[in-house]
Structure formats: structure tokens, C-alpha cells
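Both of the next two complexes hold subunit A, though its partner changes from subunit B to subunit C.
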Partner chain A sequence: MTDPRVTGAVRYAQDVELEGMLEARILRSPFPHARIERVDTSAVPAGIVVLTPGDVADLGMYGAQIKDQTVLACDRARFAGDPVAAVAAATLREADEALALIDVDYEELDSVFDPVEACGQDAPLVHDRHNVSENDAAYFGIRPQQGTNVCHRFRLRQGDVEAGFAEADVVVEETFRTAGAQHAHMEPHASVAQWENGRLEVWTGTQTPFNLRSDLAGVLGIAEDRIRIVCPPMGGAFGAKTFVRLEAIVACLARKAGRPVRAILERNEEWLTLNRHPAEIRVRLGARADGTLLAKEVECWADTGAYADCGPGVAQKMGFAAPGPYRIPHVSVESRCVYTNLPPNGAFRGYGQMQTVWASERAMDILAERLGADPLELRLQNLLQEGDRYATGEELHDVRFAECLETAADAIGWRESRQGKGLCVLMKGMQTPSRAGIAIEASDDGTYTLRCATAEMGQGARRAISLLAAELLEVDVANVRFPDPDTDLVPYDTRTTSSRSTYIMGRALVDAVRDLKENGRRGYGEVEIPGGLDPDTGQGVASHHWHQGAGAAEVRVDEETGKVEVVRLHASVYAGRVVNRPGAELQNEGSMIMGLGTTLFEAVDIADGQVTNANLSDYEIPSFMDVPVALTHDLLERDGADVHGLGETALPPVPPSVGNALASLGLHVTDLPISAEAVLDAVDRRAGLREVPA
Partner chain B sequence: MFESAPEWLAPETLTEALALKAEYGEEATIVAGGTFLAILLNQRFLAPQRFLSLRAVPELRGIEANGELRLGAMETHRAVERAPVVLEGWPGLARTFALVASARVRNQATVGGVLADADYASDPPAMLTALEARALVRSRDGEREIPLEELITGHYETSLRGDELIVGVHVPREGRSTYRKFRSRSHEDRPCVGVAAALRGGSLRVVVGAVASRPQWFPEICGLADGEELDAALGSEIAERYAQAVDPLADVRGSADYRRRVIRVEVRRALEDLVQAEAA
Partner chain C sequence: MRIAFTVNGEGVEVDARSDEMLLEVLRRDLGLTSVRATCGIGVCGACTALVDGEPISTCLLLAPLAEGRQVTTVEGLGGEDPVQRGFVEAHAFQCGYCTPGMILTAKRLIEESPQPSEEEIRLALAGNLCRCGCYVKIVDAVRRAAA
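Coming up: the complex of A and B.
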């Protein structure tokens, strides 16, 4: 089989060509926070379609979880890069030249770029009010703190944390930080829109067709069934192609132009469109002298930038993952989603868990050092076991943490020597509650067509679901067709995120095939997963099942330059049952390599509110030369087990495994990425050479 | 209102190219490999009205050794790193070109381009300076040679006149040499600090790249090695003096303080490499 991605046969959203289509470009605010006084388009020649704040001021607002965004910035621009106007022209060149002719008067306002500062009394407010969205992406109790920059506050409480610390023999306390990151998917964001008889059609690279349709309906004031979203395959997404990105702008341009309009982002615009939440996390962890964990207090600040997007969800997942896979009687977590005047941050492979796993698992090694304990033994001693209740109160089943951790430790020869080696174990939540439906149609030629909203973004979901269908239908996979998701034709699905598709679509598929066998031509299956948390206590069901994993790393450090070389890297992921082995292996390897970038190189650099490294030369992602020769992983299975999602689990363990490996050499780092310079500072601290703040 | 598409000049002889260069000077943007130019164009830092492509000029090709090595300005990094004559007589230079970016970039980027761009974070200029190379420069009025240390004068600035083109580079017979490329981030990154060191006829040249607007060479510090055995103590002293002499810049690859520390380490290591090469 020739892979169409290799031959170039794949048609991405940017390849869609429609009769009479115009090309769009976006004019962006140069200021991180400014009142928009006037947008003058009088110099733009006739024949160029211009969309200004005046065109969209009367339209609805959108936002996956908080309704805080207009199609263009209308009264205020809230980050340097906020779209202020857009043009559509016959050619990109004409569109570019027209952009330069638009004159905007701004009045600069005070701005804030740090999430902790943004929570201060005197911080400028990025939004005056926080209105919770009706989109079903706002699936949990969102707790905006009106009159502040906090658009969601999540709390988890178990036991009495101060009583726990009072009982503890050892308490460690540390502040950790993680940097913003860009998804750096190869295919940029691209969307095409056209109106046909009052109906909107959009071709776009999206992981969230139904959430997108819902938000567009709200913006345009039309019924959802007046909108059709088609999702061609994506050249990578990693969370970046979620909710409304360019679609509202192209839809409005197309309506004004009376012609189809296409927008494709330039690479530098990706850093202005969606990044990963930078975070600050403070951890306090207390234990008895024998290593028994007693109490844990975690405070998180997730910087969501100028618009919330799914930041409340990210902050919530940071919060409920913060206790980690351990028995801890007393837990207190407070996690905030905070507005700043930076580009918006949203979903990113690992979804909040990377940030708190970094903090929590580094804290475990700091505790082990204080106790004089083996970090592996300390973890094993405290791990959650089958039937235990997590800090949310939910009972855990099919618990495999110890197996994940032991296989990871063995993979790097932990028991032979601990020098230069580090470990991590984690639990990662899956979208709960959520719902998925799938239909199968049989054709006379013996083929079957899947009607399924699961988006293909390179993760191999189509392949995995097609293989499952072929197995259930007892046909060769070549007889299973899986056309591009089209909201006119496919049943509702929550979205393609959270490593949930193979699991939940797989379950819906079982029902659909049963229905088909009973009814002959068409079968339908649907699965709904209940659950959810009380946002004020963190009690309930955080995750229908937990993604379980562990990591291990061995490093070599040039102590004269601080340069770290990761010589061995391993991830153990509980798969339950592997559906598509090559695809699952690639997910693990891809997650680990992406995790290396987060660990060592990647940071969205900001100066005065401006992104200063919005290109792939200054912003470094790993090359194959950076990948350890010993890059290994385990996909753990169990007879009779359910399918477990595994698209992200191997990313979060990479940073703490490397950080803990450095700690084994006495080199303590608290911030990501771990630059060579930071390691050299840690060398100096160890030697007591100079006072270098961590 | 819309400006016309830029003009594309593609001379087929050097005479023709020099005539166009004399006519347009800075008004025509030279296209060699295009690896740097394409980035500037894509990021809209440049919007030239006229390009002067050198790809079809045969006189700018060729890699030959006749006592000295002559590299044509339009030869690619990849061609230099793979040419048997370079590998045999100038292995340090071949290795330096091989360390640039990725094979995809090296298949495009040219010898003349990397010198004329005068980008501080390129690898070859430091090594060519250490090897006492000279740029061969032509205009309609004639030819001159510019020692590498006089060619690059600052950030993206050279001593080339508006009517001149680099046609090639002459490199004297290589003695012992080494180039250490220290990357603070990814293996495919540009250098945080690059150290070239060469010993020719008892004379030491140490040149540090990527730390300032132009390659850093301090003849008086290198002079400490004249007639002396390059032992560990002398190596450390030269390294320390380089670290003090350079006024490092700060960028995404490291702060000025960090660079100073790395210069001290990497210059010392480069000199150790030279001694080891001698022992081998």
C-alpha cells in the first residue's frame, strides 16, 4: 500500500479549491493591549473585500468554555497578534498589499504577562466579565471569578491537609514553572468557507467539528443545521486544531464577498493562534520518616493568554491530576485559569498533565532525597492499588501503575545503578463525560462505509477504527471505507481529543456492527460516558478510565557547559489491548520525542508581550539527531482488558524523568525547558560556588 | 496600486554577471543557494524589486587544489564536505561544512553565500578565518583578494563594494586544525559558540564564531603560543584570555555570561584537540 501522505495524494484543507475562491489575510494588533479607536480602510482599492470590527460587532460571541471572543477584536485588542481586520482578494499578493493600506488607530492600555501577577489586586483586567459558554465543550462546572483575571477556579479537597502536614516528619516545598510551547504541526491552520443558499459550508483542519459548528451557529445567529463542517485529514494537530480558529473570520469574509474564501496561516502566525499554557505550580508534600505520604498541597496558575479557549479545562485537569497516582490521605489543590495579554493558549498533547506531572514527580524525588530513600521504592510504597479510591473519591480499576513503573525502571537498569537516572509515574485523565456515535453502511459490492466524526491528524485513528471494524465485520480492512468526517453525514461525537477515539469509538462500533447484523444495511452505535467533578471540592468521577504510564531516562552531562545528553529514554504505557501495533508504537515514540523538546528546548519567548521566536529557527524542536539511540517503550497489555487510549501518555513522563536523572547527580532544576545554562547554574549551586536562584 | 513582479536576472557568464552587478549594485539582490534569502523573503523582511541569480555562471563553480585550495563561490556546502580533494588535504574544513544545519540545507547553501551574508551564527567563516583563507573578489574593474578577517566587518556587513562579487575562496594548505561547534539546544541548531583553531608553520590562530557580530580573532593572544609548546597550562591561559577579550552577545542560544563561560571551555578543548591531533 502506498501511503498517500508520502505520494502527496492527501488533500488537506489548504488544498481545497473552489470556483471563484478568494484568498484571505489577517491584520493583527501590534500592541498587547490597546483600545481600537478607528479602523480606516478607505485606501483599500475597490474589488478587495475587507472585514472590519464594524462588520462583526453585532454578531454573537464565541468560546469553547468562556464566551469571550468576537470574530475580530472590536473594542480592544487583547494580545499582540489579535485579529483586528481581514481582507480577501483574488491573490495572496493582493491581499497582503491591501492589508498594508488599512490604517488603525490604537490607544495603548496597561497589560499583564504573568499569570501570578495577573491574579494581583492591581492587575489590568483582560476581560470585564466572564460569561460561561453554552457550547458543550463547557462540560463541567466553570467557576469564573468576576472582577479578576481568573476565568476558572478548580478546587480539590480530601481530608485535612494541615493536619496531615502536622503529622509529617518531612515536608518539602518547591515552586516549578513550565514554558509555553507551540505545537509546530507541519500543516498550518487552513480553512475554506462558502455560503450556498444561506447555508454555510466550511472545510477546515479541525479535531472538533461539532463544537466548531455550535460556536459558529452562535456567532452567525443561525441554526446548527444551516452549517456543514467537513474535516479533511490534518498534517498534525496535537491539540492546536480545536474549536474556532480561522473559521469565523473566513465565514464572515465569504458572506461579505459572496464568494468562497480560503485562509492559510503563515508559519509565524501559528505562535499568535494557539500555544500551550505556561504554568507556575507550587507543591508542598509531607511524609512520615518511613516514606508514607501524608499530605499534599498544590497550587496552579495556568496562563491562558487573552482568550480562555479550553483553558478552564486545562486548569481543571492540571488540578485533578496533581495528587498523582499515590495514596495520600490529605490533599488540597487549587488550580486557576488566568487571563494575560499573551496569545491564547489551549489544548496541547498532554493537556495540563505535563505541567503538574513535572512539578509532582520532581517533588517526589526531592522528598526521596530528604528521606534518603530510593525514588523507585518510595513510589512503589505509595502507589494506588486495585480498588483504591483516588483523591476525587472515585474507585480505580485495572490499576497497573506498579507494572508501568517497574518495567520503566528495568529498561534503564535502575537496580544496577541510579547515577544519572530518573523515573516518573503518572495518571492522565480522559475526557469525562463524553459521547460518541458511529454508523456503518453496507454496500452491494461488499464494502462498508463508516460514518464517523473522528478526525485523522496523523495519529492513525482512521486506521485503528477501520481495523476494529474489519475485525468485527469479519472482512478485510480494504473493504472498510472511512470518508472525511462531514457534520451533514456523521453522528455526533464529543471531539477527537484526549486520547479517547479508539477507546470510545471502538465501543460504539461494537454496537453499530451488532445493529448492522440485525438490520442488514445500516447499523448505528452510541456510547455515552457519565461522570464529572464538583469544581469546588474536586469530588466525583474525573476520568472514566485513567491513562497509566511511567518514564525513565538516563542522562550524560557536560558539567563544564551544562549540556545534557539523554542517552536512554523509556516509556511504559498501559494499552489494555493494542489495536494497531505500528500506530501505537509511533504514538509512544512521537510522544517521547515531543516530550524531549518540552524538556530541553522549547519555549515561546516573550518580550514586552511580543513573541520573539515565532519561527522554526529560533524556536527549536528536536531533530532526529537529538533522539537517544536507546529510545524504547512498552505497550502493556492484559488478557480481556479494554482498549486504553495512548496518544499522549508517553509525553508527560519525559520532563520529570530527565529532571530526576539530573537530580541524581545533585543537579536540581525546577523550570522547563532545562537549558544548558540552567544546568550550569545547578552545577554551581551544587558546588556552593555562588548563590544562583533555582 | 500593485507593484509589478520582481525582475529576475540570470546571467550565464561572469562578465555578464559583473556588468549587471555594476549596473544595479544594491538594487539587485544576489541569489546564490537561497537558504537565507528565502527565509527573509518568506518573513517579508525583504521585498526586492530585482534578483540577480548566479546559478548559471560557470566561472563560479569548481573545487580544485593546486598547492592552495580554490572553492568556487557557487559550490554548495555539501559539495565541499564531500569533495575528495578537500577531504584529503583540508579535512578540518570539510568537517566544518558538514556540521552546518542539515543535509537539505547543505545541498543548497553556497560558499559565497555564507560569506557574503556575514551572519554571525554561521560556522564556516570562523574556520576559514583560522585557516587564513582569502576571498577572491571581482568587479568589472578587476580582481582583488580580501583576507577573511577583513571580509566580514559586522552583522550582515562585509567590506565588499557595491559592484563586487565573491567569485571564490583560496585556502592555504591546511596544517593541523579543529572546529568545535557547541550547540546549547538541538543538534540541528546553529552554534552557541563555534571555535576554530589552526596551527600552521608554528603559528596558532584561534577564531571564535557565533559570539559577536563577526568572527573573533585576537592575534596578540594567539602570539602567546609562538615558539612555545601548547601544553595544558598555555591552552588554559589562551582560553581564559579569549573569554575575557570577547564581548559576547546574547540570543536564544545563551546569555552573554553563559557564552563567556563556554568560550573558556571550548577554546581550551579546541587547543587540546590540536595537541591530540599532533600526537596521533
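Coming up: the complex of A and C.
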């Protein structure tokens, strides 16, 4: 049997067509911060449906974690690109023409574009008040700092960090920065909505159908069961297709039009819809002369842009991943999620952990250099071991950091020569707490249908879950059906994020199959994972189990041009148990390749609050020519182990492996992406031609 | 204006504006949804079709320029084309959005160079982007197809 992906038969949300459907376009603010004085639509011809702030001002606010968004910007536009009006017309051409006829008067306001500046006393406030959302995506203690631009502050404290530094023989201190990035999923955001007898139906590319339904219910003031969300497969998502994107606008347009409405974003609009959090991270790391780590202090500023989205969660994960997989008696972390007048930032493969892993693992190599230690040995000496407690106080089991790191080091021949080579080891959290349910229905023809909210975005979760179901049911996988998730038909699930679905749905499946065998026609299974952290101390259970991995890179540098060539790249990831080998390999390879883009060239460029590279010519993503010929990886397994998610673990180790490989050549870089200019500066600094910045 | 051309072996006639791109016509008028918009500026290859056998970014080809030409999309390959089989065997896809464009570009490569080296494959496909990052397995798929 062939695969619908090679025949072009996959139907994504953008391919959904309904009878009488209109096409939507969105009018966006040209200013990063402006009061909306007047929206004049009088020139728009009759027959075109127009949605203005006046239509939505009385509707509810939404936001996955902070309730800070209205369907359209009503009083103020908070970033250049904030939707201020929308139209729906029979054709895209008519919709585009109508947009041009809407006249908006703005009064420009002061803006702030840097997360550290945004924490300053005199910074303009992006939002006057921060109200924590009731959405179950706001599952942890969110700590907004009222009267500031900080919408969440997470703190982790273990021991007495100053006492630790006082004991240290060596203390390194450095500031690291990571750029914003665009997910650049090939299929743009696309949503279709229609109203039937007062009930809203939405077909949309989403990883979070239940969070979406909950927020839409709040916006529209209707019960959740009056809303149906259907999730066709996505042409890539990587975190971008989470929570409310276009759905609220499309639902309001469809209600006003009395007809179905579809919106498909134009490519440039993707950079105005959701990007990855740029971050500034300051690390202080102290050790004894023998290499024993004593104290670590980390401060993070995660720039969430004009709306929080899941930024508080990103900042929290950034914070709780910051200590890294090491025994460190004294730890202090402060991570802030900060509003700026930039496009919103949200979930992105790696979810905050790429940023702190970059800073932390570069800092380890700086420390190794100061100590005159081998970076591999320094890491091995301090790695967390079976049964150790992490800085959050949780006990760790099935600990494989050393194995991951050793296999990565061996893959690049670390012990033969260290010149041009770099290493990294990491731990990455999985959504905790969370809950998943799955139902199995048996048919007379011997097939089984899975009712499950896990969304398919190319990660292969449907295949993996179908394979697990087939194994438990003792049938061929061809007899297992997995229809598109539909909130009318599937049980609740937290969401398809954080590389959790194969693991948690796999566990729920075991119960569902047992129930089916007992009851005959239908079985239901549910798993709930407890846990969570105290946001003021960082104590508790950050992750039910940890994703563990390591990376290794070998580079060649052209010191005339600053060009960095990654000649070898390896990732070692702890899989526990591999369910679908080709799919697992693709997750590692895809994460590593995306990580190369993050490392070497991907950055959302901003000038005066405007994105200046919102197209795939100026914003480049890795092509065939960017992939090292020697790109290899391990999927480490252990008999009897849990399934471990693999969707993201191989991304965060790429940047530090490359950065540390440069450091082995005496070239120190602190910012991502590693531009040719930064490499040339590092060449000059090594030659003593420039001062090393304090 | 009326435009007459051949799509997947069958003659078609469509009504389109003179400033419309072939991509819009293939999707809207002919329902060929394997041809997909991503970048809109001819750098990603997701909208690739073969026009007289050559891979073309249909987001940049004015529809009237297809007049009298032979257009092929993956819908026209059936499903058992050696390149399609190579992609299935090598598991050379994740979300599948870029796959049709990859297959068509690879098909042309193999016609021109029946035993392409890895370097040739990479170069020929450099104009087709895959954000899922299936490049390693796509090289394998093309090799299998050429074998």
C-alpha cells in the first residue's frame, strides 16, 4: 500500500473546503505600539464581511496562560502586525482589495523592544494588568509582577549560592543571547469555521484542540460543548500551531457572515503570528580547583513579545532546565517572562531549554578552560547519577547522562583529538502534570478505531500509537484506524506537545485495551501524571521523567571569512524503548538539522520594531546543502525501560556542541546564531586585537 | 482568459486572469492539492510541478505561460512510480507537505542522471526545502529509486 504523502492525497487544514465558504484576510497595525483612534470601513463595498474592533470589543479575552488578548486589537495595537480588522469575501482577490479600503487612524505610543530594558523603571507598559488565564494551560503558579512588563517570574533555590561561590576556587561569569526564530512550518496556519444552529465547528491545524476549545468558549461566551474542533494533519508545526491563532478571528467572521470562512496566512504573516522567544541569559558558575561544581546562578529574560501566549511556561522551563544534569549543591535561578512590543513568541521545539542549554553548556567549557580540564572529564565528574536529587528536589531514575555523553564523544573521536570538537549534555522536561485519555472501538470487520486527541504534525505520533495499539491488541497495524482528532468524539488530552504523546498515550492504551478485552466493544484508558513546581522556590517535580541526550560536533573554520562548516554532527538520545524506528530516526535527524539552523543562521531580524526578514529568502532555513555528510545519531535503549519522547531532545545539544567546538580553537562566541561576523570578532579577540568584553 | 494545456496526460482548458500564477490554477480550478504554497517566491520547491519535464516553481509561473505545455503533478504518477516507492521504502517524509515537490524534482534528476551521486542528489534537490528535516532519508530514497 502506498502512502498518501507520496501521492499528494493528504488533506491539510488549508485544503478544507465548505459549501459557500468565504476567504479571509487580516489587516495589521503598521506601528509597534499605537492607540487605535478610528477604524473606517465605509469604503468597503457591500457584500464584503468586515470585522472591526467594534464587533469584538464586548467579547471575552483569551490567552493560554495570561488573559491578555482580544479577538482584534481594540484599544491599542501592541506590535507591528497586531490584527486590527479582518475581512471575508468570495475570493482572496476581493478580500485583499477590501483590506486596502479600510482606513485606520493611529496615535503612536512609546515602544520597548528589549526584554532587559522592558524590566527597567521607565519602560512603557505593554499591558496595564496581568490576569492569569483559567485555561488549563495555566496549570502552574503563574507569578505576574503587576505594574511591570514581567508576566511571570520563576525562581529556583537550592542551598546557599553565595556561600557556594565563597568556597569556589574558580568562578566564571558570562552573558549569552539567543535570537528569535520562525518555525517556518511548510503549511501556513490555516483555519476554517462555520456555525450550525448556534454551534461552532472549526477545522484547524492545531496541537492543542482542548485548550483552543476552552479559550474560544471564553471569547464567545458559549459552553465548550457548543464548539467542535477537528484537527486535520498539519504540514509541520514545531510548536507554532498551539492555542488560539486565527481561530477566534475566523469564528467571528463566520458568525457575522452567516457562512463558512477560511483563513490561510500568507508567508510573511507567519513572522507576525508566532516566533521563538529571544533570550538573554547570565550565568555564574563556581567550582573547586579539582573540578567539583559548587554553585550556579542563572538569570533569564525571555522576550515573549506583545502577548504572553505560553511564554510563562517557556520561561519556567528555561529556568528549571538551567542547572543542567549536574550535581551542584548551591543553585539560584531567576527566570522572567517579559512583554515587549514585538510579535508574540511561544512554543518552539526545545521550549526554552535550547536557550538555557546553550548558555549552561558553553559556560561548562569556559570553566573547563579556566581549570585546564578536559570538558568531557569535567562533565563526567559532575553528572547526576541514579537516585540523585535534581536542584528541584526530585529524585532521578533511569539516569543515562553519562552513557549519552560517552557515546557522543566516541562518535567524533574525542579521545583521539579535541581540536575543532565540542560536546554537550542535557536534560529536557516533559509536560508535567498532564492527563491523557484514549478510547478504542472494535468493529465487526475486525478493525479497531482509536479515539484520541493526539494531533499529527509529521512527528509520526499516530503511527507510533497505532503500532503500540496493534501490539497490545495482537492484530496487524493495518487493522488499526486513527481518524483525525475531533473534540466531539475523542476524550480529553492535555495537548500534543513536549514530546509526551507516545509515552503517555502508550500508557493510557494499556488500560484501554484491558478495558476493551473485558467489555468487548469499547475500551477506555486514562493516565494522569502528577507533579509541578512551586514557582517561588522551584521545588517539586518538574518532569515526570526527563528526556536525556548529548551532542558532539566537529567544525572547520575559515578564519578569513568567518564561515563555520560543521563537518561532523552527532546526537545521542535516550529512547528507553524505540516504538517506530524510522520515525524515531527522523525525529533525531530533523531536530539536529533544525538545530543547525538555530546555531548558524536563523534569526528573526527586527529594526524599529518591524520584522525585516519575513520571507524564506532573507530568513533562511537549512537546505540539503547545509546538512553535514557525517550526520549521525544514537537511540539508546534499555530492556524494560519506559518509552521516552524523542521529538525535541536532539535539537538543544547542537548549538553548544558547535559553540564548544569553536572554543576548542580559541574562538569564544556567546550569541546565537553564530554569525560570520561573531567568528571574525572571536578571531581578533584570540589574537589580542580586541579586548575581551567584561 | 482561456488557457489550454495538458495536465497529467489530459487536455484541460481553464479560465484565469492573465496575472494569475499556475499554482492558483492547479489548486483552485483543477483541484490538484499536491501542489502547495509555502514561500510564494520560488525558493522552497513545495509548489513544484514538471512543465515539459522540467521542475518549475508554479508560484512564479504565470498561468498563461502554461498554454500548450505538458504539466505533471504527483497525482499523475499513480502511486507506484519508482521515486514514490523509494520515498515509501526509505521513510523519507514526516508531514508530507514538501514530498510531492521533492518527488518530481528527483524524478527529473534520475531521468538526466540515472545513477546520481550523493552530491548530485543534494545539488539537484537544494531548491526543495523540508522543514521537518528529512534530508538524510530523502537522499536514501532517491538512491533507491535510481537503483
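One rule holds for everything that comes next: the second predicted complex is superposed on the first by the 689 of 694 C-alpha atoms of A that agree within 3 Å, B and C clash if a C-alpha of one lies under 4 Å from a C-alpha of the other, contacts with A are read in each partner's own complex, and residues count from 1 in each chain.
What we mean here is this: a contact is a pair of C-beta atoms (placed from the backbone, for glycine too) under 8 Å apart; a residue touches a chain by one contact, two chains touch by 3 or more.
Here the structure is a predicted model, which is why all the values come from computation and not from measurement.
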Next on the checklist: Once chain A of both complexes is superposed, is A:613 in touch with subunit B (first), subunit C (second), both, or neither?
Outcome noted: first
Checklist entry - Should A:12 be classified as contacting the first partner (subunit B), the second (subunit C), both, or neither? => result second
Next on the checklist: One more residue to check, A:591. First (subunit B), second (subunit C), both or neither?
Outcome noted: second
Item to check | If touched residues of subunit A are counted for subunit B and for subunit C, the larger one | outcome: C
Next on the checklist: Looking at A:235 after the superposition, I want to know if it touches subunit B, subunit C, both of them or none. Which is it: first, second, both, neither?
Outcome noted: second
Next on the checklist: So in the superposed three-chain picture, is A:184 touching just subunit B, just subunit C, both, or none of them (first/second/both/neither)?
Outcome noted: second
Checklist entry - Thinking of the overlay built on chain A, is A:94 touched by subunit B (first), by subunit C (second), by both, or by neither? => result first
Checklist entry - Between subunit B (first) and subunit C (second), which, if any, makes contact with A:676: first, second, both or neither? => result first
Next on the checklist: Is A:459 touching anything from subunit B or subunit C once the two structures are fitted on A? First, second, both or neither.
Outcome noted: second
Next on the checklist: So in the superposed three-chain picture, is A:435 touching just subunit B, just subunit C, both, or none of them (first/second/both/neither)?
Outcome noted: neither
Checklist outcome for this item: subunit A contact set shared between subunit B and subunit C covers 266-267, 615, 617, 621-623, 625
Next on the checklist: For a test of understanding, state which residues of subunit B touch subunit A in their complex under the given definition.
Outcome noted: 1-3, 39, 42-44, 102, 182-190, 192, 252, 254-255, 258, 261-262, 265-266
Checklist outcome for this item: The subunit A residues in contact with subunit C across the complex are 2-12, 15, 183-188, 233-236, 238, 266-267, 457-460, 582-583, 585-586, 589-594, 615-617, 621-625, 627, 629, 631
Item to check | subunit B partner contacts - residues on subunit A that touch it in the complex | outcome: 45, 93-94, 96-97, 101, 266-268, 560-561, 563, 600-601, 605, 613, 615, 617-618, 620-623, 625-626, 675-677, 680
Item to check | Touching residues on subunit C, where the partner in the complex is subunit A | outcome: 32-41, 43-44, 46, 73-75, 77-80, 84-85, 87-88, 91, 93-100, 103, 118, 121-123, 125-139
